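In the two complexes below, chain A is the common chain; its partner is chain B in one and chain C in the other.
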Partner chain A sequence: MAGILTKLAFRNLWRQRRRTILTCLALAFGIYMVIILDSFVGGMTEMAGRNIVQLQTGDVQIQAHAYVDDPTDRSLDHVFAYSDFTDDLRQLDQVSAMTPRLSFAAELHNGMDDYHVRAMGVDPLTDPDVFTTQQYLAGQWLEPGQQQVVVGARVAQLLDLTVSDYVILLTRTANNAFQALDLEVVGILDTPHPEVNLAVYVPLDMAQTSLGLDQAITSLHMTVSGSAKSAYEAISSVVEQQNSTALGAYTWEQAAEDFMVMAQSSRAIHSMLLSMLILIAIVGVVNAILLGAMERTREIGVLKAMGMSEREVTQEFVTEAFGIGFVGSAAGVLLALLTNWFLVEYGINPYGDMDLGAGIPLRGHLYGVWNWTIIAGAFMVGILASVLAGIVPAIRAAGKSPIWALRQ
Partner chain B sequence: MKRLVLLMLLLVCNSGSAIAETAEQIMKMVEANVYYGEAYMESDMTIRSGRREMTKTMSIWVQGQNALAEFTNPADRGTKYLKLEDEMWIFFPDAEDLVLISGHMLRQGFMGSDMSYEDMMTTEKLSELYDLELESQEDLDGRPTWVIGATAKEGVDVSYAIRKMWIDQEYHISVREELYAVSGRLLKVSRVEEIDQIAGRNYPVTVVTEDALRRDSSTTLRILHIDFDIDVADGLFSLESLQR
Partner chain C sequence: MTMLELSNVTKIYAQGKVHVTALRDVDFRVDSGEFLSIAGPSGSGKTTLLNLIGCLDVPTKGSIVLEGQQLAERSKTQLAKIRRDHLGFVFQSYNLVPVLTAIENVSLPLELMRNMTKKAVRERAERTLTDVGLAEHLHHRPNELSGGQQQRVAIARALVKEPSLILADEPTANLDSETGEAILQLMWT
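Here is the complex of A and B:
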């Protein structure tokens, strides 16, 4: 009997092929969007996270709470001597590399124009152990103690700078007096992190001397191995041992709290959109089954008069819903797999060289990711939602009396 | 012969009197001219940047550490700046909003000029902030001047670590001033183009300031009218009066 019902269901779907195809297409589109949007959002989040870790924070950083609470604070009011921590941190197995940085506000002058930048004193020797900044460098990296600067690509573009140009970096010392440094541009950084492209990098020791800061830094960045949680706890305990209430250890997620909040909001919007798409697909299935049942009222009467039970009629309609769900979901998944392969392999560059704005640490090519849980989940949900959407109209259709149905 | 020797001795003593002044004494004479208790002035400020030029007019009331400036040119009419000791507030009439300028904002140019808010806010006497040294005497535009070097005193927070001033020996006014960064790089140059005698004191009424780091950029501040020792209305230097 099951075989006959299945045959009957698929014949009925084929009889109304235009409606079936449209319903399947609506469902396929919903499934396709679920997978592609998830891949896109997942890819963006992964890339942004990687950019933050590799170019901005490292896995864990030690910094004053004041700077984390107010990321726009560029004052030198909360600097610390990193030599207090280095011995203890080196003894931790989890810390595989560390490097100090000194962040300060400055104006970069080219003689004609000037631009407000975040300047970063970096240790030219240890910075590459934690950050991948040099991978995006055109020209040379910094040398300790030299009057040199590596300029972010956006700053270089705004001030029309090229390698070998000379600039003046105007800033304030720890005593608030103006300090003007004549620096040679030795390299230009074009990274996928817009904030880095708006910054300038100078040798840490030169910056410390010029700003009147003896060995002081604003942050100590670390790459950790093994469990990030245990590394974070170990580093936190080192900070606590120093009894420094102003300082704290921060994971990259904590340090980039604004981005994490934004990523969560984007996930929430993403989920809402997906729910809407699935709802549209379900409405399509309900519509197809209801119309099918209405058009075939007399046929249902004949089937029931020939001895088919209500359960079997219901089964026949549910099988039709299953058929729509299966074909629609399979088509959606298939199409999504093809598109996602392209996204993962080649990516897309919807904004060209423009930054995404709104503080999103991404630019250039955006890539997708393979999320097999979502792909399998979307396929299953597509079928299940179709079957569930078909049950009520199927029961309604099957509940009609054969005499009434035949009179229609 | 005796009379000739006496005459020569007098001449030497006379010409040496200028050199005999110490930098502190010279600065005290300058400060006696340019510092005042209360004042009301009307002035205009012409800001040039490349080919662009704009002029703003304002009325200013000063009392000790406090000052109130109200812009009167059409584009900025009603915009007010209030300096209350170490704080600077701005009132924008269109937004009816009060803004406290602090942190890095204080380093920005005052209304787009070559003078920063900090420059405008400094009211302490230079002799209190800097160690002064009489470096030489020079003729500047045909007039004799004392050249005084000023280095920030230990532990004192000042914007410019080094200053160099050319003091007119007759008017006791700093007719040229160079402001330097800690590194010794020249940052700003200001020169007095006109001095007027007002209420028994010499006062610079036209001052041109140039940003040495920017090409073709200057700000000319002209004092059109000034009254010293005025009676300041009660509550003039308050946030309430700023919003009135």
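Here is the complex of A and C:
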């Protein structure tokens, strides 16, 4: 009966409980790391994605291909007049909000020091419809037409600025002439997106006038409702109807391509690390079965002399491997669930106030995510890997000759 | 009725270049119900002979017929089945399964046969252990039993499935003479 084999398997696991527990712990550790690291990567990706959408791109943006192809291009060579689009876009049900931005390179002076910044002309009235920037604002938001600036927290720190200070923003106009703007700092932005904290925001109309650009902008950002794909396609066709081959619609993923590549490669590194951990666990199972079979050579001989078939002996040892796999995986999953609950509810702050740099849109509290596919998958892989790892040593154990095993 | 017949059984162990002839041209017959002792000095081939009859090893030459079945040319699995259904072993060093209690050890051969209910297995095992005088020790593990008690469990384990043939290799060698006598007495009955 299968019952007796299971009984033997679990009694033998218990007999070698120290080894069993250690092997289970190794496996549990592997499983635990898979789940927790995945939760971190998931949380990081989700947070970075949210930061990009809410502070940098919106759901979909219209922009010159040239700026996307070369993200370091800060020239005004590819600006466009967006009034051509607005009526058509407003007619799309999918577009729920829309705001223009004008990005340009500038130097910010406080009278002593200066700092290169990305300056952004924003429409003070519609920008909050698409972006959540104002949530992170200390001081006042911009007013249209005013000589005002909202500076990122990092810029404020570097140039020692506080609200109501005056600064000079030095830039070049569309005709490449120098232009110096006297601006009052009305607000400071401390966001979870490091790049935003290195930027400064000015009223769009004031920027356009000062740069000699009339109505031109560098990007038009939209919030969409319903299916992101159909919204993106509808916006794309509006852009195509305008026959402006230089422009294109980009989803936030496309606009932030560098980041997505990074997120994916860090995922690949993790899965490699994790396969190695699982491998260590498999080594544990093989070790446990081989040692068990060696110590029980005589017992195996007795069982075979009593008529137990090689299949049944194999089955007994594979059941032990399953036991280790099940207990180890369950323990790993349980510990991971507890830890991850904490990560999802309270998060941790792994970087402190330090910026990661390299434009990684992450800062501040990091939260985990629940990825049930990975949790269930890790549990199943843990059991399956253990059982598979147990098969070969189990067959070897069952093949031992009973005469040799029983020699006195 | 002839239960076991050996003809011209020879066993040669080959160890590298050295060949040890453990048995040479052994012939004999055993009828069912017979009690047969094989005696000989150490190294004379007693264990070798029992291994051959017990389907644990195959002869170099000659034939063994057990209950009308020619043992040569049987697969490992078929030999395991013959051992399971027709043979009982008692070893010199008891060889009980240490993780099982006395009654579980005795139940094991019946459970391997898979043709009895749990209850029937239990009853038969309990009865057999009672027969060898161990009614008080059903739930003891081997390490909680004396050598003589362990050997009685081993005998019960061999007897419980009422096999055609019980093979006992020096079953009293590890016991004092008095306990040994009692064990032999048990096997007679």
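Convention: the second predicted complex is superposed on the first by the 407 of 408 C-alpha atoms of A that agree within 3 Å, B and C clash if a C-alpha of one lies under 4 Å from a C-alpha of the other, contacts with A are read in each partner's own complex, and residues count from 1 in each chain.
Heads up, the rule we're going with is that a residue touches a chain if its C-beta (ideal position, glycine included) is under 8 Å from a C-beta of that chain, and two chains touch if they have at least 3 such contacts.
Computed from a predicted model, the values in this text were never measured in an experiment.
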### Task
Tell me which partner A:230 touches in the superposition: chain B (first), chain C (second), both or neither.
neither
### Message
Output check: A:170 vs chain B and chain C. Expected answer is one of first, second, both, neither. What do you get?
### Response
first
### Message
Under the stated touch criterion, which partner chain does A:83 make contact with: chain B (first), chain C (second), both, or neither?
### Response
neither
### Task
Please indicate which partner A:265 is in contact with in the superposed arrangement: first for chain B, second for chain C, both, or neither.
neither
### Query
If you stack the two complexes on chain A, which partner ends up touching A:135: first (chain B), second (chain C), both, or neither?
neither
### Of chain A, residues touching chain B in the complex
74-75, 105, 109, 111-114, 116, 168, 170, 172-173, 175-182, 210, 212
### Query
Once bound in the complex, which stretches of chain B touch chain A?
103-104, 107, 152, 157-161, 179, 181-183, 185, 187, 213-215
### Task
Note which residues of chain A are touching chain C in the complex, please.
1, 3-4, 7-8, 11-12, 14-15, 298-299, 301-312, 401-403, 406, 408
## Note on the structure
The answer for chain C against chain A in the complex is residues 47, 51, 54, 56-57, 76-77, 80-85, 87, 89, 91-93, 95, 97-100, 104, 107-109, 111-114, 157
